[in-house]
Amino acid sequence: MARSLPHPVALRALVERFGGVVQPEGADPPIVRLAPLASARSGDLSFLAAPRHRASAGGTHASAVIVSAELSPALAPDVVRVVVDDPLAHFGRVARWFEHVMEGDAPQPGIDPSASVSPRAVLGAGVRIGAHCVIEDGVVVGDDCSIGAHTTLARGVRVGAASVVHANVSVYRDCTLGARCIVHSGTVIGSDGFGFAREHGRWSKIPQLGTVVIGDDVEIGANCAIDRGALEDTVIGDGCKLDNLIQIAHNVRIGEHSALAGCVGVAGSAVIGRRCMIGGGAGILGHLEICDDVVVSAMSLVTRSISEPGFYSGVFPLMPNARWERSATIVRRLPELRDRVRTLEQAVRGAPMDSSDEQGED
Amino acid sequence: MARSLPHPVALRALVERFGGVVQPEGADPPIVRLAPLASARSGDLSFLAAPRHRASAGGTHASAVIVSAELSPALAPDVVRVVVDDPLAHFGRVARWFEHVMEGDAPQPGIDPSASVSPRAVLGAGVRIGAHCVIEDGVVVGDDCSIGAHTTLARGVRVGAASVVHANVSVYRDCTLGARCIVHSGTVIGSDGFGFAREHGRWSKIPQLGTVVIGDDVEIGANCAIDRGALEDTVIGDGCKLDNLIQIAHNVRIGEHSALAGCVGVAGSAVIGRRCMIGGGAGILGHLEICDDVVVSAMSLVTRSISEPGFYSGVFPLMPNARWERSATIVRRLPELRDRVRTLEQAVRGAPMDSSDEQGED
Amino acid sequence: MARSLPHPVALRALVERFGGVVQPEGADPPIVRLAPLASARSGDLSFLAAPRHRASAGGTHASAVIVSAELSPALAPDVVRVVVDDPLAHFGRVARWFEHVMEGDAPQPGIDPSASVSPRAVLGAGVRIGAHCVIEDGVVVGDDCSIGAHTTLARGVRVGAASVVHANVSVYRDCTLGARCIVHSGTVIGSDGFGFAREHGRWSKIPQLGTVVIGDDVEIGANCAIDRGALEDTVIGDGCKLDNLIQIAHNVRIGEHSALAGCVGVAGSAVIGRRCMIGGGAGILGHLEICDDVVVSAMSLVTRSISEPGFYSGVFPLMPNARWERSATIVRRLPELRDRVRTLEQAVRGAPMDSSDEQGED
């Protein structure tokens, strides 16, 4: 559960700081915690941002709810509201302030004595280096960064100001992170791309001489793997958000402000545009290009370039297993099924074969 | 290969300890090792628990075999059997005893001098803290726990008694593990959920203020990522077993005794019931609910709530690639194919359109 | 970007070392860097190995290009070529030499003072042990190995000569790596297999007493998980290449020189042959066997044994989401659709039902 503030804050103080219109006017309950509608109690501030939460809105015991004018009627009449244009974004700003207040006991800047920091590394002001960190020669860490315990920044790595690298992260030599990045535990940045030449049935390694370049304001989740480029760099644009367990292969380029959900795999040299959203577990084959503003649904496989913005899917529908087995059997025999339909059409009305059948694309 | 015991043990001693009926009566071969039927030699104890292993059963050279009365005939007449109700569970108990005997050389309790342990952490009796561990302020580790090398327990983490956290695990602040849990290397518990608000095409972070609460007797495999909740907690019930490389997003709740195979991804706020089994690589979308006793086959995507116990699948059948290409082309044009069938029906017998076609659900 | 050599090298010197025919004869530009065709500048050596890069070949500014006689015409007439049989393999050899020259500043052999190395471990000549490594009792590390920071080699682990284990790798007790292996950060080798017996709706653990045996010349990417066997060993054959985030379950056996792309999951006791190639995100179910020389396309699920070499696929085709929804609805109702076609056939020409419909297999 979210922790409570050490001392309550007046709702009015929050509204003065973050905006919004309080209804009924003048209401000013003390707020000690943030909570979801369903479990909120007296003293909690909650929010209603999506129609799907309407159900839990009616009976909430929150002392106040951040809501849009549109969804406001879903709340009981006597509930105090803070009416705003974008409840989720507004709640996010409030929550960041709560987090900041509660982090009063956060670790202070400084270098843990157990860390191994090269004298040839450059650390900015206000930097925190956690226990057992390894900071090698030529590393540059910007002001106000926090590097978690057991994290390794290899030779020549650069981290921009105010970035947070959590515990147990491995960054290989010469890779670059921008400013205000967040990297979660277990993530590996700059491992060798999967590059081999096949000779006489054996694989010989192609050295991976590029690096990884990560822009500003990028967040990368836990246990991701982002490979260095073969000759050029693997590039992740400003503002991208990657969830957990994501694979980014060598030479991939991802445009600004794209978001990849958990377990996505992107193969070598794929290019993803700006503001794309890739659903969880989706796969993107190599050497193809996805334009800006494309949405790919969860667990779809992108097998060719996409040049039109839009929402794309490719998933076999879930069904009871017995039914799946029957459908799967027929799917295997679809070419025959189509041929039978054509024959019938001709028998019934000598219809010409529908040439569109030959089009593999939509 | 499984190692051998330092000294042989009499089969009778194992039967006295763990039960079962020896056939032929009085047979008492010395046992030094556990081995599968196919590779077992004299001195080995094996087991036959699944019909699919019948084939290798006939010719086994094991000195004794744990088997059910039902499968016993699959063994050669002269093979010594230990007949039990549940051969696999029985074998598991025997194997745990073997493991215990062989672990005589296991590391002793105590704190490795290279570990960084906060004076404000509380360690129970018989606790082992491995090399270079980081145990921060306010951590509580129960009696008889073993914490592997390089593992980080951040501020306020609690680990129940007799739990084993292997090397290189990262547990973020305030997360809780129950008693007798096992967590394998590389796993991350409590990383931030994937929560962002989109404003003007950019993402702003929603702080993740909840934690992760893991019940008793939970095992979590290697390189999993379990995110903390946004406001409430991510909850994994007692007795759950998670394999490797599993993604659990924020606010997910998993009921008691469910098992998730490798590479499963569960999206935010999904609820999974008790005793469910989720096949490897399956995906579960967010904000849906799966009832108790549901089995989902490997690599299926659960796109809506499931309210009936049962076995569900959604996977495109594997076929030679040339055939797949033909089938895939037709799958893209299925709506047209169905329309052609309807037209034919009407031409042949003016049949009314089968309204069931309009039902998307089963 | 790939770094430049400290000093230029004459193209002729590279040709003398690695072979190839320079055209025009006698051309000998100085080379300082390796670069792809599209971004190459004067002083860069590039290569053209795949027809798909023809487009960028025509306008390259590289000082020289490694190319086959067949693709040579794709380059502008005045570009200096090094004509070879296998441009990719040839380029790989040149790149390894570049890498070697540039690694002049690589870390020297020796044991970092912050490492925890058991006096009962055996380290070969020229071994490098990184900061904070943990090398437990009975470990044997061959000559010229490099073990990265924070890596843990548990009791009894053996690593063959000239292997490179990068930072933050966890190898559980008694596992074995061959010679000249490369293991990338975050990978876990030897974690417990997912073995449980179900009793009365609860899971009891089956100890995993086997180990992991990895052959020579194996490369394993970042954040993989390779479980130890239950009784026998999990085996990865000589020359296998595994990409990132791959799951290998207990008792799996992979034949020599097979390659698995990122995010592949292989379930327990599966056997994969020699020289197989498994596409990214593919899944292989347990207790089945894939013969030599099989190629499985990305994100396919192998649900049964494959006994014929060849290329297999099982992926639902990607389409615009609206169209996918219509197709998915019909896929669920395919058994009805097939029945309607049969009825029509009989109505039209009393055709006998196509018995091939009953064949689930191809």
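Residue numbering begins at 1 within each chain, and the chains themselves are lettered A, B and C in the order written.
The criterion applied here is as follows: contacts are C-beta pairs under 8 Å (C-beta built on N, C-alpha and C of every residue); 3 or more make two chains touch, one makes a residue touch a chain.
This one's a predicted model, so the numbers in the text were calculated from it and none came from an experiment.
Novice: Are the two sides of the subunit A and subunit C contact the same residues or different ones, given that same means over half of the numbers occur on both copies?
Specialist: Different residues, largely: of all residue numbers at this interface, under half are found in both copies.
Novice: Tell me the rotation angle, 0 to 180 degrees, that brings the C-alpha atoms of subunit B onto subunit C, to the nearest 5.
Specialist: It is a rotation of 120 degrees, to the nearest 5.
Novice: Quick check: how many Å separate the C-alpha centres of subunit A and subunit C?
Specialist: Centres of subunit A and subunit C (C-alpha means) sit 25 Å apart.
Novice: Please set out, as single numbers or ranges, the residues of subunit B touching at least two other chains.
Specialist: 114, 132, 150, 168, 186, 223, 245, 263, 281, 299, 315-317, 319, 323, 325, 328-329, 331-332, 337, 341, 344, 348, 362
Novice: Taking the touch rule as given, give the residues of subunit A at its contact with subunit B in the complex, in rising order.
Specialist: 1-3, 34-36, 39, 52, 86, 88-89, 91-93, 95-96, 98-99, 105, 112, 114, 130-132, 148-150, 166-168, 182, 184-186, 219, 221-223, 239, 241, 243-245, 257, 259, 261-263, 275, 280-281, 298-299, 315-325, 328-329, 331-332, 334-335, 337-338, 341, 344-345, 348-349, 354, 356-357, 359-362
Novice: Please name which positions on subunit A make contact with subunit C in the complex.
Specialist: 114, 116, 132, 134, 150, 152, 154-155, 168, 170, 172, 174, 186-188, 191-192, 194, 196-199, 201-207, 209-211, 223-225, 227, 229, 231-233, 245, 247, 249, 263, 265, 267, 281, 283, 285, 287, 296-297, 299-304, 310-317, 319, 323, 325-333, 336-337, 340-341, 343-344, 347-348, 362
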